[in-house]
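Order of writing sets the labels: A, B, C, D, E and F. Residues in every chain begin at 1.
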Amino acid sequence: MQRPSGRLPNELRPITITRHYTKHAEGSVLVEFGDTKVLCNASVVPGVPPFLRGQGQGWLTAEYGMLPRSTGSRMGREAARGKQGGRTVEIQRLIGRSLRAAVDLKQLGENTIHIDCDVIQADGGTRTASITGAWVALADAIAHLEANQLVNGKPMLRAIASVSVGIYQGEPVLDLDYPEDSNADTDMNVVIADDGGMIEVQGTAEAEPFTEEQFSAMLKLAKDGIAELNRLQKAALER
Amino acid sequence: MQRPSGRLPNELRPITITRHYTKHAEGSVLVEFGDTKVLCNASVVPGVPPFLRGQGQGWLTAEYGMLPRSTGSRMGREAARGKQGGRTVEIQRLIGRSLRAAVDLKQLGENTIHIDCDVIQADGGTRTASITGAWVALADAIAHLEANQLVNGKPMLRAIASVSVGIYQGEPVLDLDYPEDSNADTDMNVVIADDGGMIEVQGTAEAEPFTEEQFSAMLKLAKDGIAELNRLQKAALER
Amino acid sequence: MQRPSGRLPNELRPITITRHYTKHAEGSVLVEFGDTKVLCNASVVPGVPPFLRGQGQGWLTAEYGMLPRSTGSRMGREAARGKQGGRTVEIQRLIGRSLRAAVDLKQLGENTIHIDCDVIQADGGTRTASITGAWVALADAIAHLEANQLVNGKPMLRAIASVSVGIYQGEPVLDLDYPEDSNADTDMNVVIADDGGMIEVQGTAEAEPFTEEQFSAMLKLAKDGIAELNRLQKAALER
Amino acid sequence: MQRPSGRLPNELRPITITRHYTKHAEGSVLVEFGDTKVLCNASVVPGVPPFLRGQGQGWLTAEYGMLPRSTGSRMGREAARGKQGGRTVEIQRLIGRSLRAAVDLKQLGENTIHIDCDVIQADGGTRTASITGAWVALADAIAHLEANQLVNGKPMLRAIASVSVGIYQGEPVLDLDYPEDSNADTDMNVVIADDGGMIEVQGTAEAEPFTEEQFSAMLKLAKDGIAELNRLQKAALER
Amino acid sequence: MQRPSGRLPNELRPITITRHYTKHAEGSVLVEFGDTKVLCNASVVPGVPPFLRGQGQGWLTAEYGMLPRSTGSRMGREAARGKQGGRTVEIQRLIGRSLRAAVDLKQLGENTIHIDCDVIQADGGTRTASITGAWVALADAIAHLEANQLVNGKPMLRAIASVSVGIYQGEPVLDLDYPEDSNADTDMNVVIADDGGMIEVQGTAEAEPFTEEQFSAMLKLAKDGIAELNRLQKAALER
Amino acid sequence: MQRPSGRLPNELRPITITRHYTKHAEGSVLVEFGDTKVLCNASVVPGVPPFLRGQGQGWLTAEYGMLPRSTGSRMGREAARGKQGGRTVEIQRLIGRSLRAAVDLKQLGENTIHIDCDVIQADGGTRTASITGAWVALADAIAHLEANQLVNGKPMLRAIASVSVGIYQGEPVLDLDYPEDSNADTDMNVVIADDGGMIEVQGTAEAEPFTEEQFSAMLKLAKDGIAELNRLQKAALER
């Protein structure tokens, strides 16, 4: 089996994490997994949604979008069609759920953190790149809250990162790019914390069902890949 | 650990599968997992969506809804609000993807099967009950196509069923009802075929991350539960 | 003239009224007029819409929907299309107006009763079955309010029921089923109280205008049919 | 009983029917029932909706709207809110159904007549004024089709007109204006053809149920009022 | 160069300004520029939008619509399509911005003036006619506020009016009608105050770019035309 | 008068034009006017909208959006709200109209060019930066069409660029940034071709009306600024 990119089965694409990418957001990160480029902004907004008011805790929510020509052929703009598509909704719920697992909402005070992941260029794995980059933006936003004494405690519970794995031509591979993703038998997105705790596992058989052995092999790849991503996240935060 | 229902950790709720529940649909099943009741209709409609026209193959798509008072407190009606919520979209995409894995679309001819899963009464596990019941409705709809010689081959590839598993008070349990689901640490929905092939695995940490050991224990419970559901599906089809 | 069902011109279909059909709603009734089956849930929600706030009175509102495959050929799901159709809007306004005529809103306190009529299976006359069944669900919901001392007075003013009448092949007939309804010259929906007071009369010429004599004959059929429905409603409440 | 306007119980408001009110529409009528002023345009558009294509027959459809400040206090603009209200939908369905009863769609050829009733100033009875005025606009549009030999036969079957009646302070009255309408016990809208054939009867108890005697008295008033409206329609067409 | 209407290059169409056109609005003007007829209603509503609350100042906002058959061929009704078109949005923003330049919002108190411009019949120049007519309606609405002592100061700052100019067959012309507008090389809408102060200039090259000389010539025509419109506005207010 | 940025009244911000910014679009430009950064993608899509089909000519259309945190405080995402705001609609119409003036649609063949301008970071002047950058993306897209022999003639008619000018503290200034824009008395957006032909002039009095002298001074600044922008566009295309 030869991957289209020539990578080894357990090899990530080149990863770049650029902080302070835009000037307005409290956390702003451009994350690149090879040719996949996502701008992840974390915005701090005072107040919480109605269902949480008066409970002294915070909230985190995420939205995801693709620029119309982030893809090989132009997609219709969701704002113009008046509706977010089902895939968009599914992805932004995953991002929000994953990042909420990284923070202690009770320590946030009555603040809401809005995560916006906007895909500038897509080449497979936009949702996992989004989660990985957004966690760094979130860390900067929480540091901003702490530096301005807008929170008392330590809202950040753990680092999380995410990567996709799959079965490509019968073999488990890490971090699928678009040519692999569009031909994979199975596609799995995994979110894991830096202490190895599992946050999300979403495996989908695209053509053929997968076996438990394949599942275990994919999970192993994901764990190693995410450990590397955790290192890159921390290095970025130390710069 | 005592489950609120008094069930054993590996015990399903009482399962009922009633075929021919309504008279118009080609497949019509009321599925009950304890107090969770979902009407699953499979409708055969000639023709396929534009992106498949002229390719000689069929399509399967699914929609999901909850009646406004299927739940403990009344939810707004999505038709009146003019929008399906994010959870609805996520669930109906899962149902459609899972059932497409059960059929050979090439053998369907240019027909579309619409699966409608409407929750009459909710008590946890509506998405897994939907998939389990909808597969039986799908089997009836395909039998209808075959009996009327509207397809040449054998579109049904395999039986699939689905169940939820989770970590409740630190222990893995099968088929969570609402009191368990709303207090679980981890919630996982699994779709498996009758030959053991895995179709979908969606595990989510609600409060604390889960470990690989917990993951394996949950998966084991799910496999056994689904094997029992497969037997019940087949028994229903033989009646 | 022979009715497709073989019924006499003044003969109702078999009527079934099943209370406590689902477990969450304060009133929950499955009503069947022959093959027409509608689930009518009455939900008590504290509070009233903004235009009534602070006046010490209550409100009642109704919504209606058809499951996509309640009909012979599948209809698009209104929640997915993002809009309720004109027929739906017209029917739910009729249901709400009719049931408001049955209650003394001033005696309800600042509570809102939401009536949800969802058609499980359609065979003509869904709006009249909805009103007839929803009144029983409403009676249970009001009994719940009284039993829990959430109201002071007696909000229920009168029993109401509804039936359709029409001119089929030149002759007035009671309680049209779908084969009759789709070929009728005139279709009339009538809502009458148990003391004979008229609440709603909606007669529509489908093909030919109707005469006053025909109108009177239809009204006579409706009155007798509704008297029988009132008896069945009360019998159901006594069970 | 004294009517707020000083009219007799069986007295219409001053009625004005102005043809050719705007220059573009094939039929354009400003109809005034006292201070209620509605612009009724009938537009001929070649072609029919998809469900009628290829059957050689035509179609008629109606839309209704109120200018935001046609009423005593300003209403939100439906185009800005992105949705037609329930009352609007109910009224435009009534207008369309009533006018379709006036024409033989088979004689129209594959043409669609769009009726637009836009309320310039409201003072009660806008739906009945709309039907009455729109029939005259329709007559002009059909005359246009005939003059240009776009139809073979005679599409117009009959003249129709409409008026409201009600029970005001216990007494039946004809053609309610806003002060009466907002205090009436019963409100009934009637559409009748010039040969006395009944097209639509929609009676609604607002506060108290009404009796058959009241119903008959209201119907009698409506018949006489409509006969007068028919005379005014024909006089307008002869000018 | 011969204008289709036979007018001189610097000649306005016949202008009519009819006040008190409808009875409910605080200001109600039918403005006619030749065959272009727009009903401009100004409604006073207590209160301001959330972003201005508690600041003691008022607001003015405008909406614009065309009746579906105000034009040569029928346009779809925006309320039925569920969306205002881009041209509508652009025009109503221009109307609102222009009229806000005529008033001192600080002198309005916490009141909102809603301007509704609804095109009854279109023949070119509907936006400039709207602004010209709406200013007169606004003057009446402000007089109403002053007469009822709902404002302290003098909210009206200046009179404004608007006209279109363009390059038609190479020559600058004033107040284009539809036959000119649809063939013009350049179209420019100008809003000027009665002291000559410029409020809005919107010039658009339709086919060929325009030169500064053409621009100056058009602006000169606009200034003279608007001076005449100011005279007509004031004459209308004195009647 | 001191500009907040310390620039001279006739001084542009630092301008950067980066071609081939993303890999999928036929033309992809990141344009920066100081801290304002807009990604302008030009996509070639075969075919034209229905109203142009069969006429052998092409079309160009534009859409505009701001990323939610491109601004100082987070704005709601238009895709999530289900509607593009009025400002967005106004701007994308201006961009499309301006760029259509740059091309000969008849020479494009039946192709549509979609321009997408997405604001990554906003600091005033996003619409003029969009037009200036999008023209370069358009030039690349047309070169792509020519290189692939998808067009016969030379669709590009002229270079265009755009800049804002305004009256800030009583003085005309070029290329307003956000601190100036939010305090300007007058704001004017100008689009001019490289031969000096004027394409669009949109001047708006924000607080006080402006005089013809001010208008002329602003126009002079805009012409000089645009000449400089034209040079930068051409330099970028030669790199």
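The rule is short, and it goes like this: a contact is a pair of C-beta atoms (placed from the backbone, for glycine too) under 8 Å apart; a residue touches a chain by one contact, two chains touch by 3 or more.
Worth saying up front: this structure is predicted, and the values here are computed from it rather than measured.
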{"item": "Neighbouring chains shared between chain A and chain F, ordered by label", "value": "none"}
{"item": "Graph distance between chain B and chain E, where chains that touch are linked", "value": "3"}
{"item": "Most widely separated chain from chain B, with each centre as the mean of CA atoms", "value": "E"}
{"item": "For chain C paired with chain E, centre-to-centre distance based on mean C-alpha positions, whole Å", "value": "50"}
{"item": "Inter-chain centre distance, chain C versus chain D - centres from mean C-alpha coordinates, in Å", "value": "27"}
{"item": "Chain E: positions in contact with at least two other chains", "value": "82-83"}
{"item": "Complete ring sequence of chains beginning with chain D, oriented so that chain E follows", "value": "D, E, F, A, B, C"}
{"item": "Interfacial residue positions of chain E with respect to chain D in the complex", "value": "22-25, 28, 35, 37, 39, 41, 43, 45, 63, 65, 67-74, 77-80, 82-84, 88, 114, 116, 118, 120-121"}
{"item": "Contact set on chain E toward chain F in their complex", "value": "83, 86-87, 89-90, 92-93, 97, 101, 158, 188, 192-193, 195-205, 208-212, 215, 219"}
